[in-house]
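Presented sequentially are two complexes of subunit A, the first with subunit B as partner and the second with subunit C.
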Partner chain A sequence: MARRVGICAVAQTTYQRDKWHERFQGMALEVLEPLLEKTGLDFSEEQGIGMSISVSDDVFDARTISDNAMTDVLGAHMRCEEKVAQEGIQALYYGLAAIQSGHVDVVLVLGHCKESQGKSRNMVTHLAFDPFYTRPVGLDFTAAAGMQAQAYAAASDVTDDHLAEVVARAGRMARMNPATPETAVYSREEVLASPMLADPIRAHHAYPVSDGAVGMILAAEDRARDICAHPVWITGVGNCMDSFFLGDRDLTSNFALKKAAARAYRRAGIDTPRDTFDVIEISDQYAYQQPMWMEGLGLVDEGRGGAWIAGGGPDAMKVNRSGGMLAGNPLLLGGLVRAAEVSLQLMGQAGDRQVADARRGLAHGVMGPAGQFHAVAILERD
Partner chain B sequence: MPSDFDTSDCYTIPGKLALPYTYFAGRVGSRFITTLRDRHKIMGVRCDHCDMVLVPPRQTCERCLRDLSDQWCEVGTRGEVVNYTVVRYPDRHQPRPVPFVLAMIRLEGADTPIVHLLEEIAPEQVVIGMAVEAVFAVKTTATIRDIDHFKPCDS
Partner chain C sequence: MGLLTKATRFFKKYQAPSAGAPEEETEPLVRLNQVLSIPQRFATGPVMGKFLNAFKEKRILANKCPQCGRLQLPPREICAECRVRATEWVEVGPEGVIATPDITYYASPDPLTGETRETPYISAHFLLKGCKDHETLWHELKMTDFDKVKRGAKVRPVWSEKRVGAITDIKYFEIIE
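Now for the complex of A and B:
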């Protein structure tokens, strides 16, 4: 039996439109210092943090080897350092594996992203496409999402009114989250009146551009109990990468998410995921994704996301009490912020948005055009 | 930014990432592109095991991992719109002034649709299932844009 791994502390900056006045190293330091303070850890060889994992992206940072400019902040100077340039929740998986292998006992995960640095987030995601077949027609993640949203609208009961409610609720939730001080709070009418971006995705359906950083300390069970009173255990992680070409996929099938969820549920010993989670955080970059991913997770009936929204499902199931990605997290960090949010809930540190006595939660991350890659993590406390 | 933030000695440096590069299209990709460019034919590859014709062509079937590099088959220059979006946000990487339609088009004889521009029709009039045909570019770019765009046609 592999050893259990616990999340001992989490920290994050605010997520705001343009932190021009802060370097990404500064944002990371703003996360590192409270993590060290909360845990009493340092970077000593014997009992300190044994591995630092940076979540960062070369194109967003506008310099290659995005992690090498901040080894001091990562505590990685002349030490063990790794980098995840994928959806940040993958760093949780990486740290879990490093600890379960027995190589290290304590891991620092620290992600940063300044979406505001580049002139256009769509130009960044455009670079994810190949230069012969897909880039020449101008594809980026927003256009790809538009096509998926169109297909999902045809295959499900989700309407423009339902999506307006998803966005309006995200704004209301974000008000309770001190990490999202700038999030716009739109009425349903305002969402419905916002112009189309990539039909049927409206301007207010898309997650805002933001800057920020998030981090956590992971530790093997015996160390975790020393470091904090109530570690949050990572009991199951699963992911799946679907086909690259949009045409090779059924855009409404949720194939990768279903696989990722099934793997995470199996590892966590969950047979019936419904009514299992006290809190759920999913990466909804566009409004249609909240009901669609909930269906893919097996938590809402297939094609019935609209009825779920109309029936107050998001509130009842405690979905995205943080505001979700619609409230604003950088692309790279969405899933890692979701895992941090679930951890705060399970630690009883979620402030105004706290779910009473939350014991088990689900965090979800997504990357690539139209949900090519999904990752699911199950987190629990004793 | 905090309201009391002191902006003295705060300097932002404008920059630009630009790096000319060359990509190898691969043997399969090269033949697809040169056939499109020189003969105005659209080629896919057939996986007999999975019973699928894949466009764009690729060397290996990602489902069964069989080598498909000599399993060429020609598909039609006409097809059907199976999905689309209307891109309405202007940006530098886009091939057209907005709004323009990006459609997923399943060519005759193919199982996997490709994404391409749909023009010569108002965005509001695009419907799933409509028949379209390729309009070839006058000037080659040796990419998928040697099809300049697709346009509606009689089914």
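Now for the complex of A and C:
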């Protein structure tokens, strides 16, 4: 039996449109210092943090080997330094594996992303495509999501009205989250009147551009109980990478998400995922993704996301009480923030958005065009 | 060695598709030229920003680790060795000596204009007044000082007329006769 791994502390900056006054390093320190303060940890070789995993992206940071800029800041000078250039929730998986292997007992995970630095976020995701077939025509993550949203609209009961409600609710939720002070609160009418970006995705359906950083401390069970009173246990993680070429995929099948969820549920010993979670945080980069990912997770009937929204499903199932990605987290960090949010809920530290007596939660991350890659983590407390 | 010789009998030597055939008989292989570029606006933050702002007044600032006392030039947020914020500031230079010089004979072109800086150019680690050991600043040395370059030669910065808070506000260092 592998050793249990607990999340002992989480910290994050606010997520704002343009943190013009800070470098990545300044944002990271805003996260690192409270993590060290809360846990009493340091970077000593005997009992301290044994591995620092940064999350960053070379193109967003506009430098190759982007972790070189972070090593000094994350205490990793002359130590074990690792990098995840993927959806940040993968760093949780990486840290879990490192601890379960027995190589280290305590891991720092810290991700940053500044979407405001480049002229356009779409210019960055444009570079995720090949220079031969797709880039010259204009593909980026927003355009790819438009293709998927079209296909999903045809295959499900989800309408423009449902999506307007998803966005309006995200704004209301964000009001209860001190990490998203700038998030716009739109009425349904305002969402419906916003211009098209990639039909049927409207301007207000897209997650806002933001800068920020998030981090957490992971520890092996015996250390975790020393470090904090109520560790949040990572009981199951699963991920799946779908085809890179959009044409190779059935864009409405949720293939990768179903696989990722099934793997996480199996590891966590969950046979019937419905009514299992007290709190759910999913990465909804675009409004249509909230109902679509819920279907893929097996938590909503297939093709019935619209009825779920109309029936108050998101509130009833405590989905994205933080506001979700629609309230504003940068790409790359969405899933790691979701895991941090579920952890705060399970630790009873979620403030105004706290779900009473939350014991088990699900965090989801997504990366790549039109949900190419999905990761699911199940988190629980004693 | 014998095994390797035998193994090569199973494989044909690789031939480029166009090799051995006249050009007109082969299908032309397409190559695409593209320039990748995303305009950036880099925040400097309160630490680098303070250092760069001081250039406007021709001042060179280093920051100091409160634990080990070493200076960082140019300044960075953290003393990596002590893992604490380097919070103290001291003015150094502007004069100093050459610690390690080098001459570079090429330069990477700007991806959009294709232009390169003048080459060759001399760069060096400069040990400025008030600094010790590895507390050196990397910058350029005036090219016309080429014949006089040596470790320990005394230098001073030559400032741009118009200073905007950039590392190039120092045009270069020059050797003091």
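The rule is simple: the second predicted complex is superposed on the first by the 382 of 382 C-alpha atoms of A that agree within 3 Å, B and C clash if a C-alpha of one lies under 4 Å from a C-alpha of the other, contacts with A are read in each partner's own complex, and residues count from 1 in each chain.
Convention: contacts are C-beta pairs under 8 Å (C-beta built on N, C-alpha and C of every residue); 3 or more make two chains touch, one makes a residue touch a chain.
Not measured: the values here are computed from a predicted model.
Participant: Which partner chains sit in contact with A:140 here, subunit B, subunit C, both or neither? Use first/second/both/neither.
Facilitator: In the superposed model, A:140 contacts subunit B only, not subunit C.
Participant: Just subunit B (first), just subunit C (second), both, or neither: which does A:73 touch?
Facilitator: In the superposition, A:73 contacts subunit C only.
Participant: Touch test for A:302: subunit B only (first), subunit C only (second), both, or neither?
Facilitator: Neither partner.
Participant: Looking at A:161 after the superposition, I want to know if it touches subunit B, subunit C, both of them or none. Which is it: first, second, both, neither?
Facilitator: In the superposed model, A:161 contacts neither subunit B nor subunit C.
Participant: Check whether A:29 is in contact with subunit B, with subunit C, with both or with neither, and answer first, second, both or neither.
Facilitator: Once the two structures are laid over each other on A, A:29 reaches subunit C alone.
Participant: What is the contact status of A:131 with respect to subunit B (first) and subunit C (second): first, second, both, or neither?
Facilitator: Once the two structures are laid over each other on A, A:131 reaches both partners.
Participant: Which of the two partners, first being subunit B and second being subunit C, lies in contact with A:42: first, second, both, or neither?
Facilitator: So A:42 only meets subunit C here.
Participant: Could you tell me if A:250 is touching subunit B, subunit C, both of them or neither one (first, second, both, neither)?
Facilitator: neither
Participant: Compare subunit B and subunit C by how many residues of subunit A each one touches, and report the one with more.
Facilitator: Partner touching more subunit A residues in the overlay: B.
Participant: Using the superposition on chain A described above, determine whether A:123 touches subunit B (first), subunit C (second), both, or neither.
Facilitator: both
Participant: Which subunit A residues come up in both lists, the one for subunit B and the one for subunit C?
Facilitator: Of subunit A, residues 19-21, 59, 62, 119-120, 123, 131-132, 135 contact subunit B in one complex and subunit C in the other.
Participant: Where on subunit C is subunit A touching in the complex?
Facilitator: Contact set of subunit C toward subunit A: 32, 34, 36, 38-48, 76-78, 80-81, 83, 85.
Participant: Subunit B touches which residues of subunit A in the complex?
Facilitator: Counting only subunit A, the residues touching subunit B are 19-21, 59, 62, 119-120, 122-123, 126, 131-140, 142-143, 146-147, 149-151, 154, 195-199, 201, 243, 245-248, 251.
Participant: Looking at the complex, which residues from subunit B come into contact with subunit A?
Facilitator: Within the complex, subunit B touches subunit A at residues 1, 5, 7, 10, 12, 15, 17, 23, 25, 29, 33, 54-56, 62, 83-89, 91-96, 100, 102, 104, 106, 112-117, 123, 128, 141, 143-145.
Participant: Which bits of subunit A are touching subunit C when the two form their complex?
Facilitator: Touching subunit C from subunit A are residues 19-23, 25-26, 29, 42-43, 59, 62, 71-73, 75, 77, 114, 116-120, 123-124, 127, 131-132, 135.
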